[in-house]
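What follows is a set of structures for review.
In the two assemblies presented below, chain A is common to both, partnered first by chain B and then by chain C.
Coming up: the complex of A and B.
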């Protein structure tokens, strides 16, 4: 009925719908299908074997390494998101005012955004690796601090946090700056006339008006940081031990090193499920908070 | 058609299907992890399917 009413519209939309189905839905359902099988295409028996309902999923919910990798990814995302948002917001606020060399600073500050993640990993590795990079020497010589993330799990985790902040804070800054520049000026003028100070204006006017932009930034960065792979793969390879084995790295290792295609697919689906849950909860909390403030 | 049932949100049938499937998966994972040694997963599947229908119908 819907089709017969608006044939021309559906015909015009059909290429987009077909492409979306081919590049979005078909791969998703294929991965979902493969996730129910034990499948190693390079094994003696390369066929897909069905080992009972939810065989791979049953294995995963008891797999300590996988569950810890999810927890590690969530921890990483929360830490980077908090720091990037705080830093990005402060930088965006400071970029609203004028100061000498502002355009130069904005240009330099935006540079990490255009660098490919794998190159960011290489840069950080060359800069921080023990025995080759300048940073461990400087820290040792001037502060007596030994930086060796190949041996210390905490250092490996935090060096990746720093790398992610360096890489992605400019994105947060630019997006928030665009949002801040578009805010209406009337509430600010009224607040100043009423005698509000800068902090009160920030808390009661700027942040509430920025909520829609903040939601967009938080979701983009949350989903990006949950699926981090390439920088970590380049910098630490998931080590030392399991210290930086985030879920993306774990899936990569299971699929491409051990050839567990079925298990890897199940991991991807389960991780997608957890990501949806996290985003859904966050969205509900943020939207309801926004409504309360209205 | 927008509906407001026991879920505290205004939802259409696809939203309710989505919520039903998400909670179905949670139930299956919980069952596999904690209950399967006591009760067969088939009961979990049955309860889950009924739950999805109920959410779409009354949610």
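Coming up: the complex of A and C.
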């Protein structure tokens, strides 16, 4: 009958598959291919040269700047993830109780989620840039602290952490809230009957039951923060020096400023594998946890 | 016990008030900057609201009417709308196929489409740039710097997302309904028109709105794969970075205008945004 006709199914799927092959799979194999060559269109010899298998990859293992950019991305992801998870969990818990103007507060909290990363970068640039933004002035006047992230590497890194928290904590809050609201109520009642206090309930009941949702949040946030480019590009441009040059920005600079096509391709492949491995580990944890639930 | 609860309530309200201020303050400042002349922005920041008659409209008219940003805006609207329409139609077809037909390897296909979403776009910049400007060509026509190129490209991250979101919805429509219609002699098109689309309508609406939003907000790929004719509003915004002596008022105005669709959608998709952003893994 209808569903036995696989031909129709493939016909329905084919446009999706064709587009994804064209703009997803073909670029992947192309970058894999280019990664084996030495190729710089601005060099004396602008053609592709084969320098032996894995030539670019061998270079990358000793490429300090590239390795540091990966380490920086990992550090950034772990820092923002930790802060966003703790803050988001706290806020999600607070949204379970009732208090005045709750839906208004929640509505405003959703706002940063829909704003484009590049616009978030602009908002923060206007807000924090020396000579224009109110933040450096407020910090100077009330705390005597000079904020000039164009000069200080640490400040540049942390202002991006703060921007990311501003932008993405709402996502963590709302996702955890959705998870919390869907939890079964029976364990809570029996725990209260046994005289457990709020803290014990949180540690022994809420958090263990929330593990699947927490893993989803970690998975999505980790993926996104390893990818970060737009807002950093807008705010600091990867500087000062290499202070905020995350892997995505580093690849962009190597490829489109220096035109290191071959080396850039090898970087792209390593970066891709690195994120895929992390995702794959988390995904398998997610699936195995999901199976425990059933 | 009563007073303790009252204190908790006051504390929570206070905490959320502070958070709301932190969220809104930078946005409020951006709106202020967009209403001021360069001279007014000089010196100590003035946080008092600008009155309507004092708004410096030139910040808006200069980029959008005299300048090129009107065209960028139009490009953004065309690209995001077409992409959302294309993605919704294709994802609906693909999801129906994955959900109803027993295709060999359909699980692998599903997983493969998802990996497209997980990949960092920066890793694909170079191959896409080279493919779009040299390899994918028909005569003199290349995909580089065309709206069609962007519309197709945004399918990479929007299609997986849309398929994931719609799969839960279409799996929820009982197969027996389709089968009953087939017995009555309906073809695939009729099934879509009379059964699937009406029943999945809210899900389809959310899918297309969020696809629009992702396409509208995308910056990195658009900035690399366009140069003159197909530039979108986010790429226009980044042009302010390199200009020396940035005109902050104009930049704020452009940022504000590019935020408008996001604000409009906030009201429409607020309830579904969690399901949307977590790929439906957590129901909002």
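We take it that the second predicted complex is superposed on the first by the 245 of 294 C-alpha atoms of A that agree within 3 Å, B and C clash if a C-alpha of one lies under 4 Å from a C-alpha of the other, contacts with A are read in each partner's own complex, and residues count from 1 in each chain.
FYI, a residue touches a chain if its C-beta (ideal position, glycine included) is under 8 Å from a C-beta of that chain, and two chains touch if they have at least 3 such contacts.
Remember, it's a predicted structure, so these values are computed and weren't measured experimentally.
Visitor: Let me test your reading of the model: by the given contact rule, A:277 touches which partner, first (chain B), second (chain C), both or neither?
Guide: first
Visitor: Could you look at A:150 and tell me whether it touches chain B, chain C, both or neither (first, second, both, neither)?
Guide: neither
Visitor: Which holds for A:109: it touches chain B only (first), chain C only (second), both, or neither?
Guide: It touches chain C, and chain B stays clear.
Visitor: Just checking: does A:100 make contact with chain B only, chain C only, both, or neither of them? Give me first, second, both or neither.
Guide: In the superposition, A:100 contacts chain C only.
Visitor: Looking at the overlay, does A:174 come into contact with chain B only (first), chain C only (second), both, or neither?
Guide: After superposition on chain A, A:174 lies in contact with chain C alone.
Visitor: Does the superposition put A:134 against chain B (first), chain C (second), both, or neither?
Guide: A:134 sits against chain C, while chain B stays out of touch.
Visitor: In this superposition, which partner touches a larger number of chain A residues, chain B or chain C?
Guide: Comparing touch counts on chain A for chain B and chain C gives C.
Visitor: Kindly classify A:61 by the partners it touches after superposition: chain B alone (first), chain C alone (second), both, or neither?
Guide: first
Visitor: State which residues of chain A lie in both footprints, the one left by chain B and the one left by chain C.
Guide: 276
Visitor: Mind listing the chain C positions that touch chain A in their complex?
Guide: Where chain C meets chain A, its residues are 8-9, 12-13, 15-17, 19-20, 22-27, 29-30, 33, 41, 44-45, 47, 90-91, 93-94, 96-98, 100-104, 109, 112-113, 115-116, 118-131, 135-136, 152-153, 155-156, 159, 163, 175, 178-179, 182, 188, 213, 216-220, 224, 234, 237-238, 240-241, 248, 251-252, 255, 258-259, 262-263, 265-266, 269-270, 273-275, 277-279, 281-284.
Visitor: Can you tell me which positions in chain A touch chain C when the two form their complex?
Guide: Residues of chain A touching chain C: 1-6, 8-10, 12-13, 15-17, 19-20, 22-24, 26-28, 30-31, 34, 91, 94, 97, 99-102, 104-105, 107-119, 122-124, 126-127, 132-134, 137, 166, 171, 174-175, 177-179, 182, 213, 216-217, 220, 223, 226-227, 229-230, 233-234, 237, 247-249, 251-252, 255-256, 261, 264-265, 268-269, 271-272, 275-276, 279.
Visitor: Given the complex with chain B, which residues does chain A contribute to the contact?
Guide: 53-54, 57-58, 61-62, 273, 276-277, 280
Visitor: Could you pull out which chain B residues touch chain A in their complex?
Guide: 22, 25, 28-29, 32-33, 36, 41, 45
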